[in-house]
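The structures considered in this document are given below.
The same subunit A turns up in both complexes below, where it pairs with subunit B and then with subunit C.
Right, the complex of A and B next:
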């Protein structure tokens, strides 16, 4: 006798859809969206600080003067003028690229997808930082790539660990397709590679003949105003550079880009056309008009000040209220601090308690493919105000204290939660 | 006729509740009703007072929704609502109390204990856990005493797995149940009272692909295979139906409920009764409705008409 699975296509899905199941973690994040909850989980830029009237004027002018272009299909590689402007936007990070080398995408997330699609067959190896961006891990998982984590320290990806990981892959006869790294203001770790670290990582990749995929959405958001130079600035042939307007202008426009060596770029354009025909002309021209008519760098500076104040609220709160055995990274820019909890606490198991106390975070396991990160969590300070962040830290400190008491009662055993993806949705990535 | 479906709230089951609420609202609209879905927040009471609905259907899962609080508030507002009253909610929502009441009526229940964190702290968790393990043996089900959707529930097969399972259960509430695991056929019986007394609909058998009916198995289409009617003997099906109606009446439940059982060769074990049955695409109540010859919309509309 056959029952009902409530899904007539259950036997038709691709192997890569295995594991795409409902999860307790995602259910808890549904609560985090309520205004009563202080969400230190989401990586959402504070778009309320944007000059909305100026953007409204920009959009209106665009539609009135170039509406028939903005609302039409466009070039698969992206708008020519915007690609020229992207060259100017990348100047502070030291990347110089001809507009022909730029591919505009629906956020840099799509660029990540395209690069993986073009380079990776199922079972190929990519090396990523430990921890790494959850959205990238999702892409790699979708393409059935084998992800191997490489250790980080307070200065980012550790070169010796990278060399060792490459040696292991060589010894196993496994081919590494690329090294995925976020050198500046890392998501989720909050750390930044210094220049000498970048040089060493590049040298290792060059020696091994392995591509670097450099993801740089936060590069302009350093709090001391100093802009780290991209790895791509040192080598235009071994690095694919990903950039984004999501943090400097507006995430909702979904405009990002890839800068790639000529041959790679050709394939990315073909892959992009197969995926979406072309990026949104409306969004691209809005960004282009905004860059042309607005003091966009002043807005970036305003964002830096705003995020610095919020980071300070987070760090001060943690310093004052978190148990002494808690540690965290001190970000010099970007959106995130990575917190390591006292011995025995499992951040995933603690999340329901936190949500019931109206504070949310992303458990560390979401940033690994191999179950690491149970003792860690990512706290983001980009969206709540400084006052709300202080309140959130106060609540979270209470939650950690209660969890410590529970651990003390039941002993220091690891928690075995049911399997399933611990990945948050797009607003939390 | 205006109907308000209440869904959401701040519990860990918010997402499930929102899905239940949207689905039920659609079903009622297909019956020609004017339905809005409202969240359980500070805007709710002003909204209900400004534009009093004909009937409210609470589908808020978890605490506040199922622990009687919401029923009390609706009572105080004088708003008619579908579903159980506050006292019945309190009895059913606490699994230990519901089990205790039904055990006294001769219903088989898994042996177990419901204890707050404080008692483990005060008496020493290792000694308390050892005593319970000694009494109940393994495997054990550990779960929050109050709450649903299998959140915080763990099947414990070894003594080493017990402490972390306790921590996981206490993350969802301050009281946890440790229960003898009864292997068998898991079924859910929906009970509906359309005016002629409570009637049990055909039992729905649950067969999760992973073996455990956990959160993923409940809310991912395809992860669980359902059999309606359940593959149990006619005598077992009768016993399930009789016990479900008895549980509904004994706990004082009203309008609709879902009662979960484990069917074994020794008999039918009562697991829990739910006052706000899930109405999602993968939930059990809507499947039972179809098996009973109804649509979700027709059942809900008939219940609305009773208030």
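Right, the complex of A and C next:
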């Protein structure tokens, strides 16, 4: 047998597995999940706000009345009734889709995986925002896709930068398979494309004949009550739209979906069947019954209020306590603000000191494939209460001040980066 | 834009997507799911036998007491308590594994996908039984793996044939990544490896330094009360073991698992996180609570009795009614018998006529990658009642007799095969 004593199979892995190494920083995030730490790192929705008794009754009734369906295999595309209901859930963002063009997945993460599986050969290029969702970067890495970042501003993906990136790829003869974007309440950047920005991005993609992969887990979670219209609302043939119940109902159900042009949808279903046979009927019918019997949109509105209050606590705290040269984005919805630290501070190097001061965040480098983001961090306000957020910001402000003092006294020291992507596990990011 | 009017993205797909085409035979299986058809095609467990009220109460209690965990993201490897309980569930098949070496997945299909993702580059070879599980063949196709079939007999995978296949690959300089086997109550072949057969197969794999991927969804479902010991029970370093709650609890939960050598387990978790972030806490905690509070092994015993009675109905019917030159395997557990038809009958060509006579099965070709199996079919006895099975066999015997008469009168006509793999969707296969 070849291989080492530590791993007899080390010579047997696929090429794609070479990048699959755990990051040292994970241990740090494990510490950060201790209750005394204020975690501004996680992306966990505040499920305690859910009407737990109503959900418990819903599931109980479901099992008593349709248990033999809920506990059985389903079809690979997902439950027909749920796919119809997903049409209603997407109405506020302007997406109308026939149930035949909806594919239900085990969370929208799985939809990301399937779209990449169907479209991307190793070495293909995808264009993503700078910074981008860490879970998407993980998928692209798993399929050996070359990720190229495109600049953002306070209005999201910059059209001129997108055009330039496409021109560069064209000049290099590189195949761009799709543009991956989160137009609304971006994770991690906390910004939102306005309508004219969306139109320009779509026009650029259409002109280039490039698919847009629109990821929209937060679309209904805007704080001013207005719901941005999805790019998919303007074009059903050039856009694959991804939605999720993780933030509007519950992440633990793992129910998301993709809306795709007909031929693409067919491939997604076949890929999904290879991946998991079928989505869970138990979870799907729970969502379906919840949508049918509960005031789900009222619950979404309650989440909006809750997250707005927490965002305000974060913004107020940063305004009052962060050093003047710190900047951040002001999210109009969703879970995150993106913070740029004063010159010379390295967010990755600072993290262990922050955790020792009982506050955690995700360093910016995790949201890039190319080492950008050392001066940045993502702060989330979705899970801790407003009071805890204020306390977390106070601690973090102290850590930043200490870093600045160190820099003023000793100058910048070189930093040893931990290997691997600097991101927490899914229960934290 | 390139592409066609039917599919504007047709030139954009990955190479692996080229094989993703739906089979025409699917429409036939859709017809076969009508209630007047006796389906001996599906692999759906008989979930109506579950204690539905107890499960409904279990889930309700779970949500009321631990709803904020059940509805939240979990960790990528799966719930710690459930991983410990899986250790107990595997005790009867002789597998002892530390919870750290267990990875929970969305059904064991996902574990199949992850193992293949971690080990197989396009063009790598895997050795599988002839015939083999259609869902595994779908995964291997999705990763562009070259599948080579190895002969079986009534005692399962034939060691001499395995040695020969390995020798051929060695001579060709081809890399064999693993041997995929279902030792107990094989799907679709209905046979079981005895202990000495398992030992020989393991020894061959160890000598060749080749991993065994042991798929064991039916291991607890033997009809004589004896539980075959898993190959993994003999060697924890050369075997990845896959288990599932789909047949012992409920398929609709989509909870399965892999037990892997430590280094492999680490890669599986990272691959799983890219695929779905984490398994569903809702489903995992439901399983965990069910195992903790319900007499789950008594339920497994009830399933054994139920399926044995149905197997007996199938075997008795075939014995009484099938033409003498028909042969079949006698399953000692699980869901399936493999039937070889009289000379000249093509099971794929016969299927439309069977469905018109209101009985369905899966033609043998779906369980091979190379066109073998035209004279064979898989009959399942897991879902219809014994009476319905008897009726289904009666109808099927009539169809086979008619085929024989046609052949005697007109000889064999050439048959037009539908394109694509001849398999039903997951709710049927």
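Rule of thumb we're sticking to: the second predicted complex is superposed on the first by the 417 of 429 C-alpha atoms of A that agree within 3 Å, B and C clash if a C-alpha of one lies under 4 Å from a C-alpha of the other, contacts with A are read in each partner's own complex, and residues count from 1 in each chain.
Keep in mind that, in the parts below, a contact is a pair of C-beta atoms (placed from the backbone, for glycine too) under 8 Å apart; a residue touches a chain by one contact, two chains touch by 3 or more.
As the structure is a prediction and not an experimental result, all values here were calculated from the model.
Chemist: Going by the contact rule set out at the top, does A:110 touch subunit B (first), subunit C (second), both, or neither?
Modeler: In the superposition, A:110 touches subunit C alone.
Chemist: Applying the document's definition of touch, where does A:346 land relative to subunit B and subunit C: first, second, both, or neither?
Modeler: A:346 sits against subunit B, while subunit C stays out of touch.
Chemist: I'd like to know which partner A:21 touches here: subunit B for first, subunit C for second, both or neither.
Modeler: Touch partners of A:21: subunit B and subunit C.
Chemist: Now for A:6: first (subunit B), second (subunit C), both, or neither, which partner does it touch?
Modeler: both
Chemist: Looking at A:369 after the superposition, I want to know if it touches subunit B, subunit C, both of them or none. Which is it: first, second, both, neither?
Modeler: After superposition on chain A, A:369 lies in contact with neither partner.
Chemist: According to the stated criteria, A:281 is in contact with first (subunit B), second (subunit C), both, or neither; which is it?
Modeler: In the superposed model, A:281 contacts subunit C only, not subunit B.
Chemist: Which holds for A:36: it touches subunit B only (first), subunit C only (second), both, or neither?
Modeler: In the superposition, A:36 contacts subunit B only.
Chemist: With both structures superposed, pick whichever of subunit B and subunit C touches the larger number of subunit A residues.
Modeler: Greater contact footprint in residues on subunit A: C.
Chemist: Overlap of the subunit B and subunit C footprints on subunit A, residue-wise?
Modeler: 1-2, 6-7, 9-10, 20-22.
Chemist: For subunit A, which residues are in contact with subunit B within the complex?
Modeler: 1-7, 9-10, 20-24, 26-28, 30-31, 34, 36-37, 346, 349-353, 355-356, 358, 403, 405-407, 409-411, 413-420
Chemist: Write out the stretch or stretches of subunit B touching subunit A in their complex.
Modeler: Within the complex, subunit B contacts subunit A at residues 10-16, 18, 41, 117, 120-121, 125-126, 149, 151-152, 154, 160-161, 163-168, 170-172, 205, 207, 212, 214-216, 218-228, 231, 281-282, 287.
Chemist: Could you list, by residue number, the parts of subunit C that touch subunit A in their complex?
Modeler: Residues 1-2, 6-10, 12-17, 20-22, 43-45, 47-48, 50, 52-53, 55-57, 59-61, 63-64, 67-76, 106-107, 109-110, 113, 117-121, 124, 135, 138-139, 141-142, 177, 206, 209, 211, 237-238, 246, 250-254, 261-264, 266-267, 270-271, 273-283, 286, 425-427.
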